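As written, the chains take the letters A, B and C, and residue 1 is the first residue of each chain.
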Amino acid sequence: MRFRLTPHDTSFFDLFSAMGQVLLEGTVLLTEAIGSEPPRRAAIGLAMEDVEHRGDETGRELLRKLDTTFVTPFDREDVHELTSRLDDCLDLMQATVDLVVLVETGPLPPAVGEIVQVLSRQAELTAEAMPRLRSVTTLTDYCSEVGRLENQADQLHRRVLADLLAGGRDVFEAWRVKEVVDRLDGVADAFERVAHTVRTLAVKES
Amino acid sequence: MRFRLTPHDTSFFDLFSAMGQVLLEGTVLLTEAIGSEPPRRAAIGLAMEDVEHRGDETGRELLRKLDTTFVTPFDREDVHELTSRLDDCLDLMQATVDLVVLVETGPLPPAVGEIVQVLSRQAELTAEAMPRLRSVTTLTDYCSEVGRLENQADQLHRRVLADLLAGGRDVFEAWRVKEVVDRLDGVADAFERVAHTVRTLAVKES
Amino acid sequence: MRFRLTPHDTSFFDLFSAMGQVLLEGTVLLTEAIGSEPPRRAAIGLAMEDVEHRGDETGRELLRKLDTTFVTPFDREDVHELTSRLDDCLDLMQATVDLVVLVETGPLPPAVGEIVQVLSRQAELTAEAMPRLRSVTTLTDYCSEVGRLENQADQLHRRVLADLLAGGRDVFEAWRVKEVVDRLDGVADAFERVAHTVRTLAVKES
């Protein structure tokens, strides 16, 4: 245990709320990356790295606070779990943007934009939920809705996939698009795991 | 907490048992979908959606019961975890059938049928285990056997994959088959995660 | 609860340390498999099966010990969790080697060797960490470093992938390489989940 000058008013809830805001910024950049042409993408990739670093820093701050705090708002392992699950969302978004930069797909099919809209909605709900963790049992609707959105992302994903698999275009271009949409699907899953973790907290308190 | 007319005789164990039965129905439809020609598949897809909705409803019933019950047979978070893991199996089966409907593969290689047989066996064991959750420490054999079957599904999956990757057929058709078998492999993993969760319950009680 | 002649000096820590050693052997064979030509690979595949069986046996020994021991060094479910997560690493390594044997890729790109080096480093750190589980709160650096390595593996993975997706070679050969590197990426994730589990233990004790 080492000394740290954590201001007294930075609570766990403040830090989780900060994570929620970073996720929101992440989906804004993800939307831009998906919608832009190759020359613009590199700059967005750099901005995304910056956002991810800030997310990492907030995650580390949460773990430091956990290591140096005796009384925590939830079971210690649940603070850790929620931190990791939020971090996963950001990691996967950054990985997706990085892949979009690296593989030079042409313009992506419109349904890909629809998937990103679903992810953005998940991020909004997550960002709204984080400051309300104090009264976690009121977050049941958030959890269900994020799960419903994950289902919707899955359906869109399968539709894009079926279209790519129908053939009739360059197989490598089809494959590039497929790798991007697979990762977007992974982001939707990651948001659902955050919601699952929050639901676990609610279940323990109910 | 809201009023609900849950009949007193519907226990957590009854609801988990109902989930087990729904999973069994799911593998029956999955087997049909894999074995049938494209024109039949759409009808099976609709039947599978219906089965999935019933599974969802049972899952929601479990969570409602959890929110309104003070004394639970396992730690509250474990009831939640097991419910989610069972729900995952069904989600992934429905996603697989939906993909089989959407991508028009020709007849699937026989080894694909073998994988589905392994999943059906996992579902049977799971359905048999659910009513026995009352004495969870007796379920160790079920857990090991589902793990062994997952291994077997993995091996079959790799064999099909190696065959597809050898080339010599239309790459898009190979890819369509690959997406289907990948999802079947995911179902086998999901059954193993259910068994892992049950093993955790046993470990806590032993 | 049945009688067993577990020697008194085989502690949970000894068994976890043994698992760490087996993982290390696994990465040695993985490195060989990746670097060798097809005729050599089958023998390595057999050696890997043997290593995996020993890992399984150690895992079973851990669970048996758990079922017959009243006082455990961590919460019972955490001993189970850590055992399963270590087992996952080995399963995925064996699956990767098996796939390398089954699909006859030509020589793999050098970046694939770099990924395997990262995994080997993760295995070394894990093997070093296991005997130190007694003082789990000192393992924070191990956890962070394994996470950092996972990130590095991810980046290498995306670089190989982007290269394959650029086209210009036989699509089936590109695909074979892709399946191998995807699995290596899965191994890196599995090591990170071990570290995550260890971090959870530390968080509970801190």
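Methods note: a residue touches a chain if its C-beta (ideal position, glycine included) is under 8 Å from a C-beta of that chain, and two chains touch if they have at least 3 such contacts.
Computed from a predicted model, the values in this text were never measured in an experiment.
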* Asked: Same or different: do the copies chain B and chain C touch each other through matching residue numbers, with over half of them shared?
  -> different
* For chain A superposed on chain C via Cα atoms, how large is the rotation, as a multiple of 5°? -> 120
* Structure fact -> Chain-centre distance (mean CA atoms) for chain B and chain C, in whole Å, is 26
* Structure fact -> Multi-chain contacts in chain B, i.e. residues touching at least two other chains, fall at 171
* If you look only at chain C, which of its residues touch chain B in the complex? -> 1, 63, 66-67, 76-77, 79-81, 84, 91, 95, 98-99, 102-104, 170-172, 175-176, 179
* Within their complex, state which residues of chain B touch chain C. => 140, 151, 154-155, 158-159, 161-162, 165-167, 171, 174, 196, 199-200, 203-204, 206
